[in-house]
Amino acid sequence: MARVEAFSDGVLAIAITLLVLDIKVPVLAPGQTLMVGLLRQWPQILGYAASFVVIGIYWANHHYMFNLIHRCDHWLLLLNLGFLLCIGSLPFPTALVSAYLQNPGAQRTAVFVYQGAILACAVFFNAIWRYASTGHRLVDSRLDPEFIDAVTRRYNLGVLTYVVSVFAALWNVRAALAIDMLLVLVFFFPSPKPQFRPNSATET
Amino acid sequence: MARVEAFSDGVLAIAITLLVLDIKVPVLAPGQTLMVGLLRQWPQILGYAASFVVIGIYWANHHYMFNLIHRCDHWLLLLNLGFLLCIGSLPFPTALVSAYLQNPGAQRTAVFVYQGAILACAVFFNAIWRYASTGHRLVDSRLDPEFIDAVTRRYNLGVLTYVVSVFAALWNVRAALAIDMLLVLVFFFPSPKPQFRPNSATET
Amino acid sequence: MARVEAFSDGVLAIAITLLVLDIKVPVLAPGQTLMVGLLRQWPQILGYAASFVVIGIYWANHHYMFNLIHRCDHWLLLLNLGFLLCIGSLPFPTALVSAYLQNPGAQRTAVFVYQGAILACAVFFNAIWRYASTGHRLVDSRLDPEFIDAVTRRYNLGVLTYVVSVFAALWNVRAALAIDMLLVLVFFFPSPKPQFRPNSATET
Amino acid sequence: MARVEAFSDGVLAIAITLLVLDIKVPVLAPGQTLMVGLLRQWPQILGYAASFVVIGIYWANHHYMFNLIHRCDHWLLLLNLGFLLCIGSLPFPTALVSAYLQNPGAQRTAVFVYQGAILACAVFFNAIWRYASTGHRLVDSRLDPEFIDAVTRRYNLGVLTYVVSVFAALWNVRAALAIDMLLVLVFFFPSPKPQFRPNSATET
């Protein structure tokens, strides 16, 4: 387990830090001040902050989920790799949205791809949890089944919201980004505390 | 051992995450939509996914192999560095294939170099195992010799397949990539469970 | 705690190492020697070294602070993510200062943004400490309250100095950078040794 | 100690992996084959391999040295940061040598800077050891003083060789690189096994 967590932390930490490479030093037009040049870069700076928060929240939830998962097998490794493949790709759609957010003909496509990439992260994240928790396959055997169901519902909510926001992006870019912000707010609050079955034996 | 694994995980995690830097935000030709611009980038996106899977599978197998290896010496460190040198170079041949896959005059050279780089990874990976397992030099002393032979055959298969696909690349690019996919499929399934000698003493 | 520290170390290590990407190989004008080309790059080389020292000192202090913090909760995670968001952004203002330090019309803006980014790091760092230490919420319960106050004053000094240097940047770039260097000097010396309450019980 | 090693491993792993970003996909001149384009990139490929080996050997020696060092203080942290600052800068001189190795007017300057950067790594590495080992300040207290002297001499040899090769670079580029290769060969062989004082007490 330790090496799976260490490798995941590595990919998450690198993806989150590579985001900054998309903020370029502005080249000034004649007569333009640097302050104006920087203010016109707001989509890049916003993109950095937004994707940092998205990846950061995924990290916190990955951390939480892997505290509940006590065993590891080959398929869990593969699902986790799929999750990391999606997370590792996020610097690209972030750069895409930053570049085309102010282009009326392309902004919908850019936000659609961005939402799709985050949806793919959410689907793999959900799949890890479902695979690990079904029949207490890999999770702590003492966990209360009702608590497991509550966590499942919480992760389903994430997937469903991103499905909605992917399609919203085709209709209205601002609506899609507003839905995202709502979801960030939900996950901003702490995850529920693990609940154990009464009289459950101790597990190391 | 812990620091060797941590350093290897670091290099693997960084190489796998740097792959995304090769997917560039498309610059649109006049009248071209962003969706068309993105679809024309399929070699870059495919290259990201393919090399992510290749490095991910190497990571999973490195993880597996270093669970069997219980001791470390200077030559193991050097062989592992050679393996990491090859893994760390993969973003370059990946970018090369993405750039020249649709160029009829250059695609064979590009795929040849790509296959060659993966073959080099496989050769070093194989060398680590042979050095560590010969005469139970560094592996868990309780391992069944027949199990060790089975693992050796498995890793030989990897090297042989890449030798074939390197030469296949010179003849037909699609054949080479199809062989790769077959090998990924083989390693997609879990590695065999470690088998111990009967009555072997406990080793920490 | 271990994974929070590992993730923080990852982001700090990556941000500190990405700084080098801003030092570009000089393109020589006709008749210019490479030595002259390199010497004209002093703002890039200085920027690398200065930001490396700033991030390095933050790392050492983060290390020190998390030795005093013994428990972790959701809000500490979020404050730490905010701190990492600011640290992870530093390669951008560093590149900005390197690019515009010798441009009389833009240098103040560039240094203002740079100081502002470091101030944001200091504010989050301070917030982590205040959140964790108030009423011994998350810190080692044996710590002497007077020692906690001394640490708080030390971190307040950092925030105050950066507030001064942000505004100094608007007036005189050299003054702002001189204030920075003074602060680096203060934190160059070791942090005070933890002081415990007399007769405090042992805590693991 | 664990976090110092983890942070150092992080910076070393990132610096070693960033080296690949300097190998660019070749842009072909009309009528040029990709194979010729790649072969003309030999300075970039050689630079990648050479600096990978240099950083890899520093990693192995850092690993070895920190197994002998049992305690940590503020000044050790700072010296280690200085070492990491030099290691983290290596992608730049590597790119410089790759770019100017075939330029007769600039190759000496490029190799001089490259050797100087490696010399700076060696000086800080040496300083860490001297600070930690003098009077058994931070090293394992059971170490035989003669063994400590042998290690010191070994690290002095590294510094002296790089001083020679820095100046050799000004006279003849090939001679400087040949001296480097000799030193790599010396450190290719395992470091001496730690020797303990007779009847030394056990230390954890």
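The first chain written gets the first letter, and so on, giving A, B, C and D; residue counts start at 1 in each chain.
One rule holds in what follows: a residue touches a chain if its C-beta (ideal position, glycine included) is under 8 Å from a C-beta of that chain, and two chains touch if they have at least 3 such contacts.
The structure displayed is predicted, hence computed values, not measured ones.
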Partner chains that subunit B and subunit D have in common: none
Homomeric contact subunit A-subunit B: same or different residue positions, threshold half: different
Superposition rotation for subunit A onto subunit C, Cα-based, multiple of 5°: 90
Whole-Å gap between the CA centroids of subunit A and subunit B: 27
Rounded Å distance between subunit B and subunit C, as computed from the means of their C-alpha atoms: 38
Residues of subunit D engaged with two or more neighbouring chains: 6, 10, 14, 18, 21
Touching pairs among all chains present in the structure: A-B, A-C, B-D, C-D
Residues on subunit A engaged by subunit C in the complex (per definition of touch): 5-6, 9-10, 12-14, 16-21, 23, 25, 28, 33-35, 38, 48-49, 52-53, 56, 59-60, 63, 188-191
List of subunit A residues in touch with subunit B within their complex: 3-4, 6-7, 10-11, 14-15, 18, 21, 73-75, 77-78, 81, 84-85, 88-92, 95-96, 99-100, 103, 105-106, 109-110, 113
